[in-house]
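Down below are the structures I want you to see.
Look for subunit A in each of the two complexes below; its partner is subunit B in the first and subunit C in the second.
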Partner chain A sequence: MVSNRKVSALERKKEVLENLKRFGAEIYKQMMLGRFPQIQMPSRSIENIYYNPELRQYVLGNKTVRRSARNIRHIRPFTQLVWAAYFAYELTSQRKTSTLRDVYYSSQAYEVPFKDQPESNSIITDLETVIGFSREDFNIFPEERSAVFGDLTIEYTVPGYEGKRLNLTSHPDGVMIGPALTSAEFVKTSADKVIAIEKGGLFTRFIEERVHEKFNAILVLTAGQAPRATRHFIHRLNKELELPVYIFTDGDPWGMHIAMVIISGSANAAHLRELTTPDAKWSGVWATDIVDYKLPTDPLTEIDIKRLYELQRDPRYKDKLWQREIKTFLKIRRKAEQEAFSRYGLTYIVDEYLPAKLEET
Partner chain B sequence: MVSNRKVSALERKKEVLENLKRFGAEIYKQMMLGRFPQIQMPSRSIENIYYNPELRQYVLGNKTVRRSARNIRHIRPFTQLVWAAYFAYELTSQRKTSTLRDVYYSSQAYEVPFKDQPESNSIITDLETVIGFSREDFNIFPEERSAVFGDLTIEYTVPGYEGKRLNLTSHPDGVMIGPALTSAEFVKTSADKVIAIEKGGLFTRFIEERVHEKFNAILVLTAGQAPRATRHFIHRLNKELELPVYIFTDGDPWGMHIAMVIISGSANAAHLRELTTPDAKWSGVWATDIVDYKLPTDPLTEIDIKRLYELQRDPRYKDKLWQREIKTFLKIRRKAEQEAFSRYGLTYIVDEYLPAKLEET
Partner chain C sequence: MAQTFEEISPADFFYRNRDIAGFTNPTRAIFTAIRELVENSLDAAEQIGVPPDIYVRLTLEGKTTHGTEIYKLRIEDNGSGIPPRYIPAAFGQVLFGSKYKLKQMRGTFGLGGTMAILYGQITTHRPAYVVSSTGGARIFMYRLMIDIQRNRPIILEKRTMLNKTGWRGTIVEFSLEGDYFRAMPKILEYFKQTAVMNPYANLTFVDPRGRLYIFRRVTTRMPPPPKETKPHPYGIDVELLQRLIQITDCKNMLDFLKKHFHRIGDNIARKFLEFAEIDFLKDPKKLTHDEIVHLARAMKSFPDFLPPDASCLSPLGEELLRAGILKELKPEFIAVCQRKPSTYAGHPFIVEVAVAYGGEIPRKNDFILYRFANRIPLLYDEASDVSFKVIHSINWRRYRVTPDMPIAILVHICSTKIPYKTVGKEFIADRPEVKKEILNGIREVARQLQRYLSKREYAERQRRRLNIFAKYLPKIAEFSTKLAGMEQPPDINGLLRSVEKLGLES
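Showing the complex of A and B:
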């Protein structure tokens, strides 16, 4: 299977740079005309975030906000946003990456004050909204890293590695999903599916039991809640290589939500489209699996139960499967970890459970 | 530089298996002689843990404990330990890996009851004490994963990869430190030092700024507190390749302690010798760096301060450098993150701070 990516990584970077430039040029133009510069962008306030059942993710509505240098209360966030665009342009054109934390401290080098990191984070999200790309596209990456293993050959685009290729089975502990992998082209794969796994121990078990060969799968470790770069990587595997995605998590509300955020994203990222994989499936551990497989369990805590009631009302969880599983959790009042299958022997999860669930979902 | 490892990975596994077998044979022999089987092992109680200034780590004293099948209160832990040895033998001889969590659930497949995971964890630590190897040697790995990048060629010993080699610059986001890397042989390196880094963002910055080339360094990401497999890997880089190790953490008591655990280990692992690197250096961020470099800071919290007083009394922290830094923290009442250097531009930490600190420590 060869990638059907429409836009190469380099073309994409070019587009990001052009959008950033256009943003600057627009402000410059206004000033040259003797006007107070202003910008308009979609509002990210809660009243403007809607769940879109067709896209199966949150989106922004039509409300916009305007920030004008004429308004004294706007001057601060306006200046910060312009600086952030400048900084993003520098990063992207110099092909350096950064983190949200770095951005916060870097601003001090330019004497652009942010009172704390939440303020600088929020400005970076504004910049995503304005230029229509996620921050990873302008080289601001999360601190967290997760990993991947499987038959996929990639070609790097980062400095020093241009044109170099790596097959992602090269290292049997998995390779990290960072800026280099995120910006790599997909060259070739024999895989016909993606299996995302919450926990490191099970990721290693799957590699040892050759799940990648037996099930033709690319294995992705989410390491708990998947970092954004990992969600984008899963999105790309699904879109560019047309691979179905199956997600395996612990059997509790937190595991469900790890799967859901990969599938339908979060309200915080309602302004972005490339972090979700709506056709991905949550394959387990379901509450009904706990019953069917007689798994060792722990009781649900108060916090677990409160969380389940929240999920029950969440529009992303309206489908039958999710509602049934939430109800079952609330009925049995128990939860189970992925490792609980080891009660039937270490390889049971691969020999019995995994094929059954891939068939079922 | 070629590795001066004394024992190959395969010989080491053989030794582990022999020790496990000897443990079983000893019990079997006692029963054949018509005796209640018993075992004797070093006590791991607090009164038997001492700091050894020569080894610069905690060690166990001479007190031993005896567990006898004759004593009704001993039968449970005795049986659990024998089962754990059996399970470890199965894992190691079948070349499968596992986690502490898997061990807990697996015991249910054998109807060996553990009331909870702390109980099974404690039995695994007993087994380490009895057979003189760490649990990673009998294939029980931590859940957490960290990463490495740099010019080191390794040769795998895990099934399916025997004899295959990988250079650890192959993937510019870094490769995971898991069972395969841990059990690999070191073949060749041009590096003359190891730099361990607490945070993912800085690890990526160092790779992008080619610290591995400019400073001939192997870069290790600890991702917070270094997992045991990573501490063992650093130990091996230091012992087998004779590479000096420099550790960079946040400038706060928690960062200090990340460095200290790599250097001198923890009291919990007083029965093991291969998780520490006593000659490794904590190179920063020091409290005195915060002052000298005028870094942006946050105030120390109550918990930070309490922790500093604990460290001040800890025998591992008795050296001048540590005492001076603890005092300075307590005096300035501020802490700083590694990213704080970005106030002088993104590359300042690599261009100015890193060379200065490598010289100084």
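Showing the complex of A and C:
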């Protein structure tokens, strides 16, 4: 299967740059008119975050906040925001990448220092809100890295690698989903599904057991809660290549939520789009699997139970399957890790469980 | 058992009781000696309306057998000078003085100078040397000692010189035992505070180490001299009444009251005598002892005497007080307040208060308190003083003031009779009337300080605001210009000016 949107990554960058430039021009214009510059942006306060059932993700409401350079309490974050936009513009146009930690230190070179990392992170989130793109789009990446393995050929767009192609089965440990891969174009794939896996151990097992061949799948390691770059990558696999996505996590409330964030996103990213994959399926480990497969278990802790009650009220969990699994967890008061299948032998999970679950979901 | 009674002279009395005059020990004695003579000199200059020029020199002469030192003290002034016939008595006879009239004077006992000389004589057995001229054709020099038992001066030498330069003033020089190095902090503090209270005086002090301390005048304006006054009936006692009766030439009570008392006219005299049930025409000299006691009591309880007027007082005045504080303490801000005259027990008094903030005033853990009585600095027993108590009873937070701020508070009380608590005359008793005036005065200056501090804070806040805008606006201009791909950054001076002008939304 060949991507029909070969230039999407480049076009996206262009749009990001335009938005950043427009933001700067708007402020410049206000100042040229002798006014204190101000900006209006959607409020990210809790009261303005809503769940949108059609988009199947959290979105921001109509409330906006005004940031004005005329206000003594705003002028510092305002300046930081303008600087961050300038910094992002430079990064993106020179096709360099950075991290949140890097941003924090870089600000000091321009004498607009942040007082701590959270302040700097919050300004970057503001910039995402203003520009309408996530920070990976303006080349600020998280530290944590996840990986992908499978028959997918990509073509790099990063400097020095333009036009170079890579098949993602080339390295047995998988290929890191970093800035280069995130901005790469998809060229072709023989896979017909994506399997996302929470834990590194199982990811490696799947590669060893040639799950990618046996099931025609691209394997994605989320390494716990999936970083936004990975969520966006899964989104692209689903949208651009039209591949269904199956998610395997531990059988506990935290594993459930890892799957849910890939599917419906988080409230923290309500200002962003294209990070979610609403049609992705959580394939296990379910509470009912624990019962059906008689898996070795641990008791749920108090925190686990509290979390389950929270999820029960969460609009993202309103579907029957989720509610049923939450109830079952609360009933059996046990949880199981993905590795629990090893009691039936190392290949049982691949030979028996996986086909059954892919069938079921 | 037979008791022996002997009559002693005033000089003998003070010789035996020198503690009460402030000559307790060698440290205190040297401080007191300097202080008494400086104050005599200040009075002598002010009497004739001349800005004082006072020179004080203390030189080490030797050691005593018991570990203290002998110093020579010399004081020169440009005051009135003393008529030659009074010189021996003025310095050689205790309780001789010009200060037994009712007006505000510095000298505390009317024997300050003589006591110092008496003390010097007791401790060193050397004569005193006095030179004086009232500015006439001649200058008079005496070397004298005091006959302690008879309270009489002994003149050892007397010389007369021609006054070719028209010099006027007095020079006193004598030796005394003391401990300058222990007394030094208080002595220097005394000069400094005296300079605060007398901004029209030049004070020079050469200490035994040869160090020169000069306190220069910043003005030649002097406060109006006090007028003499008669005693007010509320402040009278039996003793004073008897003395007045002895000296009066009035033949009846009506005239006696009108002549010898403050603010008693015909009308009030009549009303009072009716109140006291004393015959208008009675001869005062024929009053019995019981009648005198009755009269004294009636004077205290009669409600209709007019309050004493304050013309006999000589406060420094707000302008001079401000000048004195500015010159010696160099603060950033001063507030001064002179209260209206008031009275306690028939004695008029005026309270002057000042607060000084910042500048060279040091930060201590508590307010620095400067106390003055009739323009004399009070340097001992601060914590017992009424002003100390008043200051510590005030809720300073109301004035946005804390004791760790660099703040000095000055309280000056002038009165014909300062309500000292003890014979040591170093601190003032908490008379309710006096306390109230001090409290109100301090409140007034504290309010002014509060206004100043909040104004300053406002200005400081404005400055900080402006700094913030001046720091960030250029950055916004710079980065937005680069982002927009422009060359010419926007001019932000207009925006900065509007920050200065408006004090923007916060």
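We adopt the following convention: the second predicted complex is superposed on the first by the 358 of 361 C-alpha atoms of A that agree within 3 Å, B and C clash if a C-alpha of one lies under 4 Å from a C-alpha of the other, contacts with A are read in each partner's own complex, and residues count from 1 in each chain.
One rule holds in what follows: a residue touches a chain if its C-beta (ideal position, glycine included) is under 8 Å from a C-beta of that chain, and two chains touch if they have at least 3 such contacts.
Computed from a predicted model, the values in this text were never measured in an experiment.
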item	value
Subunit B versus subunit C as contact partner of A:M32, first or second or both or neither	second
Partner touching more residues of subunit A, whether subunit B or subunit C	B
Partner chain(s) touched by A:P53 [first = subunit B, second = subunit C, both, neither]	neither
Touched partner set for A:G160, first subunit B, second subunit C, both or neither	first
Which superposed partner A:R73 touches (first subunit B, second subunit C, both, neither)	second
Which of subunit B and subunit C A:E144 touches, first, second, both or neither	first
First, second, both or neither for A:P118, with subunit B first and subunit C second	neither
First (subunit B), second (subunit C), both or neither touched by A:L20	second
On subunit A, the residue positions that both subunit B and subunit C contact, one per complex	none
Contact set on subunit C toward subunit A in their complex	465, 468-469, 472-473, 475-477, 479-486, 490-492, 494-495, 504-506
Residues of subunit A touching subunit C in the complex	20-21, 23-25, 27-29, 31-32, 34, 36-37, 69-73, 75-76, 78-79, 82-83, 85-86, 89, 110-112
Parts of subunit B lying in touch with subunit A, wherever the complex brings them together	96-99, 101-102, 104-106, 108-109, 141-145, 147, 156, 158-161, 166, 170-181, 199-201, 204-205, 208, 210, 221, 223, 296, 337, 339-346
